[in-house]
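Okay, handing you the structure first.
Labels run A, B, C and D following the written order; every chain starts at residue 1.
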Amino acid sequence: MDVVHREGNTMTLSMGPQHPSTHGVLQVIVEVSGETVERADMEIGYLHTGIEKSAENLFWTQASTVIERMDYLSPLSNAMCYVLAVEKLLGVTEKIPERARQVRVLLCEAARIASHCVWLGTHAIDIGAISCFWYAFDIRENILDLTEQAGGARMHPNYLRVGGLNGDLPQGFLSKLDELIAKFPERMRELRTLLQNNPIWRDRTIDVGVLSLEDALAWGATGPVLRASGIAYDVRKAFPYSGYEGYEFDVPVRTEGDAYARFLVRLDEMDEAMRIIRQVRKRLDTPGPIAVDDPKIIAPPKETIVLSMEALIHHFKMVSEGFRVPPGDVYQAVEGPRGELGYYIVSDGGNRPYRVRTRPPSLYNLQCLKQLAVGGLIADMVVTIGSLDPVFGEVDR
Amino acid sequence: MEVMPGQFLLGKIDEVARWAQSSSVWPLTMGLACCAIEMMSVQAPQYDIARLGSEVFRASPRQADLIIISGRVSQKMAPVIKRLYDQMADPKWVISMGACASSGGVFDNYAIVQGVDTVIPVDVYVPGCPPTPDGLLYAVNLIQQQIRHGGRGGIFAKA
Amino acid sequence: MPSSQAPSIAGAAIDPPTLRDPTLDDALIERVDRAALHDRVLALRAAGTTMLLDIGAVDYPERTPRFDAVYHFLALPKKQATVAEVGTPKRIRLLVGVPVNDPVLPSLTNLWKNADWPEREIFDLFGIVFSGHPNLKRIQMPHDWEGAPLRKDYPLRGPAREKTPRPAFALKSNVPAGAPPSGKVAQALERQTRRTGDS
Amino acid sequence: MSPYAPVAIFLGVCALAALVFVSVPGVLAARKPNAVKAEAYECGVEPTSEVGGRLPVRFYLIAMLFVIFDVEAASFYPWAVRMHELRMYGVLEMAAFILVLGVGYAYVWRRGGFEWR
């Protein structure tokens, strides 16, 4: 770490890797005169996990385990994007059964709400509204119960597989989902009354970290950060995937581009996500197949293994060798809670991904902090970091 | 300590000190990766670490007794973890939360330190990826038992 | 050595992008020569490309030029736009070959502000130098790390632990599962341990 | 026993208690000093600026102004308690007190002592 010296009357501070309000292991080397930020350089990489290198040494299905651990606030959108990309390479995108598509949309929208809950909780604590953290995490616990019931684990269920799902929804899932749907509007009303018209919250977030439309495009910001600056670019509308064109939902847009606009856009997005979940819930009552019926891609269900020899052989091949993907490269994008999450995957025809390159939305949403922080106070920079909602598992990969 | 008739409590000073110290083990605000989100859920009302007296997450190592390594420790973060541990006031305890902190977990590669115990001494390892909040609560319980049953801490504070 | 015990069936394709299935061409995909990159990006920018989405890199050891830098662009409207006005923006993908003996690429930071970090990351993980970059330093790895980890010839578990056997979980092995950080980081920790004077 | 004895005892006990609370932990607490622990804590990295470096004068100015006007506000309390008995005498006395401090306040305001940037 080259020691940063001092000149003039500015003081150089390291808002370092361990800090209560950097939302992870971000180090901001701030040059401050009094309380005003003169320069804000960022040092990232403190959570670099080499996920892309690990993915190159695992089977196609195993790789989704490490890939899910990139954006740990909504692991399912990572798995969804990876799985869609590999299915595109295999050419089975159309053969995915309807029910698998619906469950994937359901879990991705639930993950979006859960991720926005963690963002709202920690963002509010940074600004001082401690009690909002408990309300937000209450909604998140219900959603984690759903993922745990469906996939087996609270955060990284590894439930989406190339070619479909790991298994059908368990019995109690739909009734628990109805409980969440019934409870959600009242909870959202509480969250809104807590903060939306709170004078302190408005003073702390209005006109803070203003990102103009040109700057948002120049910095490559996507998702709520771009939509708060005026452009309604949402990957679910622009490049529909997994059946999103079948649901009506609108994309909240604002033009001010400050922290309060991003706050409102994300709250409206939670409502829109619940609107999609209600539409999916109606279609989930009809049972149906949950995986493409090509045993070369997805292991046959366990009960068929004891009955037929081919199923046993397919299962053995799937576990011992995995499947092969025809050579080629593909770019698949998905609308994650933080923006356009994309995977550029290259396959050389083998049974392991040759290269998995991630387009991390948090990395590009975070870069503009260097410009947004200058001129404001240190406390405003904390609000800006919170409003950009970076996740460092994704920034550092 | 045992309750004597007439609502009296009899015990050695060291036991009283250990009882007080064990029921307020303050952790350091230091989240790394997915386990940090589960550490936040432990603070949320459903799992509520306040029942163990550890809900006060201190921002500075000077005021923290416990450091929870919640997440994967990368090569760049190892010296930072070591410095934070050294700058904590004695007596101090370490929980290595999750498979990545305890042994590198699923990331057996160049970027992750294969176990934080090669950098700092660890008291309690918590299995899981990420461990459920109950796992972390049980780990804090184990730390409390260590303090009560004669580990570090107490009136003459063996560091 | 792959982390899982099963055999790795390497594919035969040397240059996968050329074998791409034509139905996957949902974007305008072009291969551009290194020298012509800057002008091509200027032309794209004039033609309405408003956002540099991402810069990635891929290592094809048997192919010359060995590396492939992949630039993703998006043509979003430049003014406030509703969902209808955004419609389906055009995606553009440029593939630029980079030889291993002279791994240099022109930096795009003068055209796109957000090219700063991805270019630093490619320099850090692939060793490709970006000429004209204002602050070309390692971004992910420690600043004194050696080697380019994402190259195919870089061992998965890092140079220090390449030969150490994977702990055989099935057998009772006395090989300690944990391994200290490697390289300069280990020396830094050594120095700090000496200063703290513990064991 | 002079009427002020309880006050003296009270102050003595307070001083003693404060002394005990300060010194006993110092004696009993575990002590493992080392070079890194003594260094300034700066979020986990080597400190970038020396400890106790130079601070802009604004911080000092604001602190001083706060002390003055806070002590002034504190001196209203005894008057507020006895306001009715003191009637007009109290009001005049306080008015003079406020006037004196008002002059100081206006001077600082005009000289821009309260602007932060």
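Just a few scattered comments:
We take it that contacts are C-beta pairs under 8 Å (C-beta built on N, C-alpha and C of every residue); 3 or more make two chains touch, one makes a residue touch a chain.
Quick caveat, the model's predicted, so the values are computed rather than measured.
Of all the chains, the one whose CA centre sits at the greatest distance from that of chain C is D. We define each chain's centre as the mean of its Cα atoms; on that basis chain B and chain D are separated by 36 Å. Inter-chain centre distance (chain A to chain D, centres taken as mean C-alpha positions): 48 Å.
The mean-CA centres of chain C and chain D are about 56 angstrom from one another, to the nearest whole unit.
As a whole-number value, the distance joining the C-alpha centres of chain A and chain B reads 29 Å. Listed for chain D are residues 34, 36-37, 44-45, each touching two or more other chains. Taken residue by residue, chain C touches two or more other chains at 3, 140-142, 149, 154, 156, 192, 196, whereas all remaining positions touch fewer. Residues of chain A in contact with two or more other chains: 1, 16-19, 45, 48, 50, 53-54, 396. With chains as nodes and touching pairs as edges, the resulting graph is complete, every pair of chains being joined.
Note for the complex: chain A touches chain C at residues 1, 44-45, 48, 50, 52-54, 56-59, 62, 88-89, 91, 213-214, 217-220, 222, 230-234, 237-239, 250-251, 253, 255, 320-322, 324, 326-331, 340, 342, 344, 346-352, 354-355, 357, 359, 363-364, 367-368, 371, 396-397.
Listed in rising order, the residues of chain C touching chain A in the complex are 2-4, 6-14, 16-17, 19-21, 23-24, 26-27, 50-54, 56-59, 70, 72, 76-83, 85-89, 91, 93, 112-114, 116-118, 124, 138-143, 149-150, 154, 156. Residues 42-49, 53-56, 58-59, 116-117 of chain D touch chain A in their complex. For chain A in complex with chain D, the touching residues are 1, 3-4, 6, 9, 11-19, 27, 29, 33-36. Contacts from chain B toward chain A in the complex involve residues 28-34, 36-38, 40-41, 43-46, 57, 59, 71-72, 74-77, 80, 84, 106-112, 129-130, 132.
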